[in-house]
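Sharing a structure with you now.
Read from first to last, the chains carry the letters A, B, C and D; within each, the first residue is number 1.
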Amino acid sequence: MKRETMIWAAIMLLGAGTLIWRAAFTTNGMGREYVRAVPVGNGQWNRYDPATYDDYIRSESANPNQREYLLSIPRTICLWIAAFFTIAIFSFLYRDNPIYKIVEAIYVGLSAGYWMVIAFWDVLIPNLLGKVWPTMIQKWAMPGLSGPDAKRDFWYLIPLVLGIMLLWRMAPRGDWIARWPLAFIIGTTAGLQLVAYLHGDFLEQIRSSILPLVVNNLGAFDFWASVENLIVVVGVLSCLTYFFFSFEHTGFVGKTANVGIWFLMITFGASFGYTVMGRIALLAIRIEFLLDDWLWLIDPLHRHTR
Amino acid sequence: MKRTIPLLITALGGFVLIASYFIPPAQSWGENVSIWFDILSSIAFVLGGANLLMSHLKSISDRKSGWGYSAVVLVSFLGTLFIGLGKIGVHPSPQFPNMAWTGYYREMGSGFWFIYQYGYTPLTATLFAMLAFYIASAAFRAFRAKNVEAALLLGTAFIVLLGRTFAGVALTSWIDPSKWSGFKYFTGLKIENLTVLIMSVFNTAGNRAIMIGIALGIVAASLKVLIGADRSYLGKD
Amino acid sequence: MKVWIAVLVMWAAGLLPVAALGQSVAPAPPANLTAVDHDWDDGTRIDLSWTLSLGDSSLQGYLIRKKTAEDATFTVVDTVPPGTNRYTVSDLIRNHPYLFQVVAISKDLTESSPASTSAPVAPTMQWLDGTRVWFLVILLVFCGSVIAFIELARRGVPLKVRRIAGLEAIDEAVGRATEMGRSCLFVPGIGDLNDMQTIAGMSILSRVAKTAAEYNAQIEVPTSHSLVMTAGQEAVQGAFLAAGRPDSYNSDKIYYVTDEQFAYVAHIQGYMTREKPAACFYMGSFFAESLILAEMGNAIGAIQIAGTGQPAQLPFFVAACDYTLIGEEFFAASAYLSGEPGQIGSLKGQDVGKLIVAGLVIAGVIAETLVVLTNSPAMRAFVDYLTRKVLS
Amino acid sequence: MRDFLEQQWWLVVIVLGSLAPLAAQFVSRGFLPTLRTLDRRWIFLLMFWAVLVPIYFVGVTGRTFPEIPGALAKATFNEIEKLHAGDPVLIAFDYDPSSEGELSPMATAFVKQCAEKKLKMYFMALWPVGSQLADATIDDVLKSDFPNLVYGQDYVNLGYKSGNEGVIKVIVTNLRELYTTDSRGTPLQDIPMMHGIQNIQQMKLVIDISAGYPGIKEWVQYAVTPFPETIHLVGGSTGVQAPQLYPYVPRQLPGLLGAIKGAAEYEKLVIDKYGGPHPNPKYLDGLRRMGPQLVAHLLIIFLIVMANILYFADKRRESRS
C-alpha cells in the first residue's frame, strides 16, 4: 500500500509539473479561454461571447490596442476546474478515492440545486404563480408573461392546493393528508398511460405486424422479401408465446417460447452491438476536450495555433 | 378516511381521464393534468431539498464517517440555489432595463451559466462517457457462448460490431457479383447487409413483441391501481 | 408522356419560360363540390366529395385547397390520385368556417378551373369521438377480461400461472444479504411518478421491503425524484407494518439524491463501492445508467435482479445482471410477489390480451397474403378496414 | 507512422509503461490464468488508450485510418455517380447543430460529389436551422473550392419551410405553391436555374440528410411511396435513427449512410475519386472521427474472442478432469 501511494504521488507530481511547464513555458501554452466583447443595449454592458486564441492573435496582430478580444480569467479558471472534474470522475475507474468523493459530493449538490432552480424559473413562476397572480409576476420578473390583459386562471388553484397538501408531510401531525395528492398523481398517471400505451404502442405494433407472406414486387414474386416478412411474423408470435403466463414452458409451447427467447437474444445482441458506437463517441468527445480544449495538444479546427 | 378517500381519488382521476379520451370536449384534460403534474413535482422539490438538507446536516452533526463530504454537498447545493434563484450576474432584459429581475436566469456569463457550462456539463458528459469502459468490461465478461441463447446474443453482437469496422467489410468484400455472377445470390451475406437484415427483421420482431408486452403490462398494472387491487403505494394504516 | 419529355427537353435547353406552361390545354374541371362536417369527431374534420373530371383517366390527380372565410387566398391541403372523388380534410379549427376548392391537374401540371364550395362550412364537435369507437371496443374487451379474471380469482377459482425465474430469486437475494450482514439496495430508476414503470417499481419495492422486514435486513432506497421518495416512504412503511415490524422502519433509508440522472448514478456507484450491498434490485424506468449500475454491482459481487419496460436498456441488464424481468414480466412481478389471488387474476387478463394480438395478427396476415395471391377486392376491403379502422 | 512514434516518444513510453505490469503478469503467471482473473481495470485502461491514442495520432498527423466502403455507401455513391452534368438534384438539410458531429461530414461530402459531377443543386430544409447549415456547407465547399459555380445558375438555397411532411406532400406536385422566393428573398422567376422547375419530381435525385422527424422516413412515405418511378431518394442519418430506416432499403431507399461509419465510408469513396493525391482535411472529418471508433471496436471484438477462448479452454479442462 505504501509503495502504491508513493507511485501515485510521483505520477501526480510529474503530471502537475508537466502541466505547469506546458502552461507557462511553451510558446503556445495551454488551457486559456478567450472571449469577444459585444456591447448590448445602448452599450450599458458587454456580453462576452466565446472566442478562440486564434481570433485573439489575429485581431491583436491587426491592432495591438484592440479591446474586442480578451483573455478571460474566470473562464480560464473554470476550464481548469472542468478538466479537474473530468479527471476526477475517471479516477473512480481505478478505485474509489477522496478526490472522486469530493467531486461526487459537489456534483450531487450542484445538480440538485440546478434542477430546483430550473423548476422554479421555468415551471413555478410562469405556470403556477403566473397563472394565479399574473399581475404580480408581470411587475416583478416576467413583464412579457401572457400579454397585457392577463387574467387569473383559477384552475391552477387545484395543483396549488394539492402541492400544499403534499408539503404537509413535513408537519408533525396529519402527514396522511399527503396521500391525497399522491393518489391523484398515481390515478391520473394510470389513466393517461393506460390509454396512451393501448392506443399508441399496442395497436401500432399489431398493425405493422400485419404483413403479406407473399410479396409481389412490381409484378414479380419477391422471395427474400417474403421470407423476411415470414420471419417477422413468426418472431412476433413466438416472443409473445414466451411472455404467456398461463402455461409452463413445456411441450409445444415450450419449444415456441424457446424460439421466442432466441429472437429476444438476437434483438438484445444487435442493440448492444449497435449502441457501442455511440458510447465510444461520448468518450472520444471527453478525451477531445482534454487534448484539444484544455491541453492544446491537438488542433483539428485550428483554434489555438498561432 | 386515510385510505378510502385516496382510493376514491385514484379511481376517479384515472377513469375520468380514460373517458375523456373518447369525449371530444374533454380531450384536452389530459394535457392539463400533465401541466399540473409538472407543477406538483416542482413543489415537491421542497420535500426533496429538505430531505437532502436534513440527512446531510444530520451526518455532519453526528460526525459520521465522511461527514466532510456532506458539508461539500451542502455548500454546492446551497451555493447553486443562491446563485440560480438570486439571478446572480444576470443583467436585466434589454427591453426592460429598469426592472432588475427581468433578465434570463441562464444568460451567458451569469453565475448560473458558469455553473452549467463548467460544472454541470463536464460532470454529466464524463459520467456518461464512463459507459464506454463499462460496455467493454461487460462484453468481456458476459459474451461467452455458454448455451444457445448466449451464443445468439454473442453472435449477433459480434456481427454488428464487426460490421462497424473496416475489417468486417473487408472480410466479406470477396462476395462481389462483378467477379462471379453467381455471387449475386449471396450478397445478403455481406456483413453490412447482414447488419441491415438483423436490425430490420430480427430486431424489429423482437422489439415489437417486447413493446406489445409492455403495453399490456402497463394497462394491467394501471387497471389494478385504479380498481384498488394494488394499493401498495398507500402504505398501511 | 410525350408532352412530359418535350417539357423536359425544353426546360433542359433553358428555353422554357414559366408562362409557356400555361399555353397547354387545361383539363376538364371536377364538378359539384360539396363539403359537410365529418360526423362523430372532435370538430377538426370536413368531408369533401365531387364529381370526377370528364378527362379523369388522363389526369395527374386532383389538388385540394382550403381557406377560412377571412383568408384572402387558398392554401393547398393535399393532392389525390385520379379516380378519387372524396376526401376528408383534417386539422381544421373547431367552429371556424372554411371554403374549399378542388382542381384537376393534367400530366403536364396544367390546372383546370376550380370547383368551389358555394357557402362556408364549419367543422363541429360531437360528444363522442367516432374515430375511436373500435379502440373503445378493444379497451373494453381487454380491461373487461382483466377485471373478470380478478373477480374470478377473488371468488376462489384456482388459477395457475407459470414460474418466473427472477422473482424466486428475490427471497434468496434478501436472505443472502441478511446472512452476510449487508444491506439490500433498491433503485427505482430515474422516471418520475408520472410513469407507470415507476409505479410498478414502487409495488415491487413494497414486496421486497416486506421480505426485508421479515428477514430483518437493511434496505436502502436512493431516489431521483421527490415524489418517488414520498411514494417510496409510504410503500416501505406500509410493508414494514404489514410484516409486523413497524419499529424497524427508518425513513432515512428512503432518501432523495438529485434529479440529475448521472449525479444520481455517481452517488449510487459510490455507495455501492463503499457499502457493498449484497443484493441489488433495479426496478423501474432506466436509461443509459443501466449499464453503469449493473457493472458496478457485478464488480462488488452482489446478486442483481433487474426489471424495466425500457426496451433499449434490456440488453445491458441481460448482459450484466443475474436475473432480468423483461418488459411484461416486470409489470407482472408485483402480482406474482403479492400472492393475492386477485392480482394473479390480472395476469390471466394479460394473456387474453396476447391472444387478441395473436388472433388479429394471424387473421390480418392471412388476409393480406390472400390479397396478394387472389387480388380479391373483398379481401382488400377487409384488410383496409382492419388496418385503417379497427387498428387505427 | 515512424515519424509519429519518434516525435511522440513520450506517449509511446507512457502507454507501454502503463501496460507493462499486465504484460509481466502474462509472462509470469501464464496466459489463461491471467485472463481468468483479469482485473477489469486493465480493460478500462486498454479502452482509454484505444480511444485516446487514435485521437491524438489523427490530431497530430492529420492522417486517417483505413476504411473500406460497404454496400450501402457504395450504392449511395453510385446513385449520384450515374447522373449526368446539369441534372437537377434536391439536397434537404433536415437536422440541427446537435447532430452535426455525425451529419455534417456527410453533407460536406454530398455537396462535394454533386459539385464535382457538375449537377445543379437545390438546397432546402424542413428543420429551421437546416437552411443555415446548408449555407455553411455552401460556404465551406462550393464558395471556397468551386469558385466558378454561380449562385442561381449552379446552385440555389430555397431555405426552410415550416409544415414538416405537409411541405413534402405539396412540393412533390407543386413546388411554387410553397416556394416563391429563395432563402435570400429573391423571387424564383429571377433565378435562372428555377425556370421550368414545377415540382420535385423533376429532380433526378433527392438527397436527404436527416436527424429525425421530419426526415428520411417522411420523404419515403410522402414522396417516394406515391411517386416511385419519378422520385429517387438517398440519404444520411444519425446512428440512432438508422435502424428505423433499414426496412426501406433498398426498394424505396437505394442508398443510406448510417452514423459516422456511413459518413466515413462515403467520404472515402468521394475522396478516392475526386480528392486528388492530397485531399483537403475538411473532407476527412468522418474518417478522422472513425479513428477512435475503429480501434475501440476492434478492442471489444478482441476482448470477446479472448473471453470465448478462455471459456472453451476452461470447458475442455473441466471435461477432461
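We adopt the following convention: a residue touches a chain if its C-beta (ideal position, glycine included) is under 8 Å from a C-beta of that chain, and two chains touch if they have at least 3 such contacts.
Owing to the predicted nature of the structure, the values given are computational and were not obtained by experimental measurement.
Contact with both chain A and chain B is made by C, D.
Chains that touch both chain A and chain D are the following: B, C. The pair with more inter-chain C-beta contacts, choosing from B-D and C-D, is B-D. Each chain gets a centre from the mean of its Cα atoms; the one farthest from the centre of chain B is D. Chain B and chain D have Cα centroids separated by 27 Å. Separation between the centroids of chain C and chain D, computed from CA atoms only, is 31 Å. For the pair chain B and chain C, the distance between C-alpha centroids works out to 16 Å. In terms of their C-alpha centroids, the spacing between chain A and chain C amounts to 22 Å. Across the assembly, chain D contributes 40, 44, 47-48, 51, 243, 261, 293, 296-297, 300 as residues in contact with two or more other chains. Contact with two or more other chains is made by residues 18, 21, 34, 37, 40-41, 44-49, 52, 120, 123-124, 127-128, 130-133, 135, 137, 139, 141, 143, 153-154, 157-158, 161, 164, 199-200, 203-204, 207, 210-214, 216, 218-219, 221-223, 225, 233-235 of chain B. Those residues of chain C in touch with two or more other chains are numbered 132, 139, 142, 193-194, 196, 199, 227, 230-231, 234, 256-260, 262-263, 266, 311, 314, 316, 318-319, 326-328, 332, 347, 350, 354, 357. Those residues of chain C lying in contact with chain B across their complex are 41-43, 125-129, 132, 136, 139, 142-143, 146-147, 150, 192-194, 196-197, 199-200, 202-203, 205-207, 225-227, 229-231, 234-235, 237-239, 241-242, 252, 255-263, 265-266, 288, 291-292, 294-295, 298, 309, 311, 314, 316, 318-320, 326-328, 330-332, 334-335, 338, 340, 342-343, 346-347, 349-350, 353-354, 357.
Contact residues of chain A toward chain C in the complex are 89, 92, 96, 100-101, 104, 107-112, 114-116, 166, 169, 178-179, 182, 185-186, 189-190, 192-193, 195, 197-199, 202-203, 206-207, 209-216, 233, 236-237, 240, 243-249, 264-265, 267-269, 271-272, 275. On the side of chain A, the complex with chain B involves touching residues 40-41, 44-45, 47-49, 74-75, 78-79, 81-83, 85-86, 89-90, 92-93, 101-121, 123-124, 127-128, 140-144, 155-156, 158-160, 162-164, 166-167, 169-170, 176, 179-195, 197-202, 205-206, 208-209, 224, 228, 231-236, 239-240, 242-243, 260-277, 279-280, 282-283, 285-286, 289.
Against chain A, in their complex, chain C makes its touches with residues 132, 135, 138-139, 142, 160-163, 193-196, 199, 227, 230-231, 234, 256-260, 262-263, 266-267, 269-270, 273-274, 311-312, 314-316, 318-319, 326-329, 332, 347-348, 350-351, 354, 357-358, 360-362, 364-365, 368-369, 371-373, 383, 386-387, 391-392. For chain B in complex with chain C, the residues that touch the partner chain are 18, 21-25, 27, 34, 37, 40-41, 44-49, 51-52, 55, 58, 120, 123-124, 127-128, 130-131, 134-135, 137-139, 141-143, 153, 207, 210-214, 216-225, 227, 229-230, 232-236.
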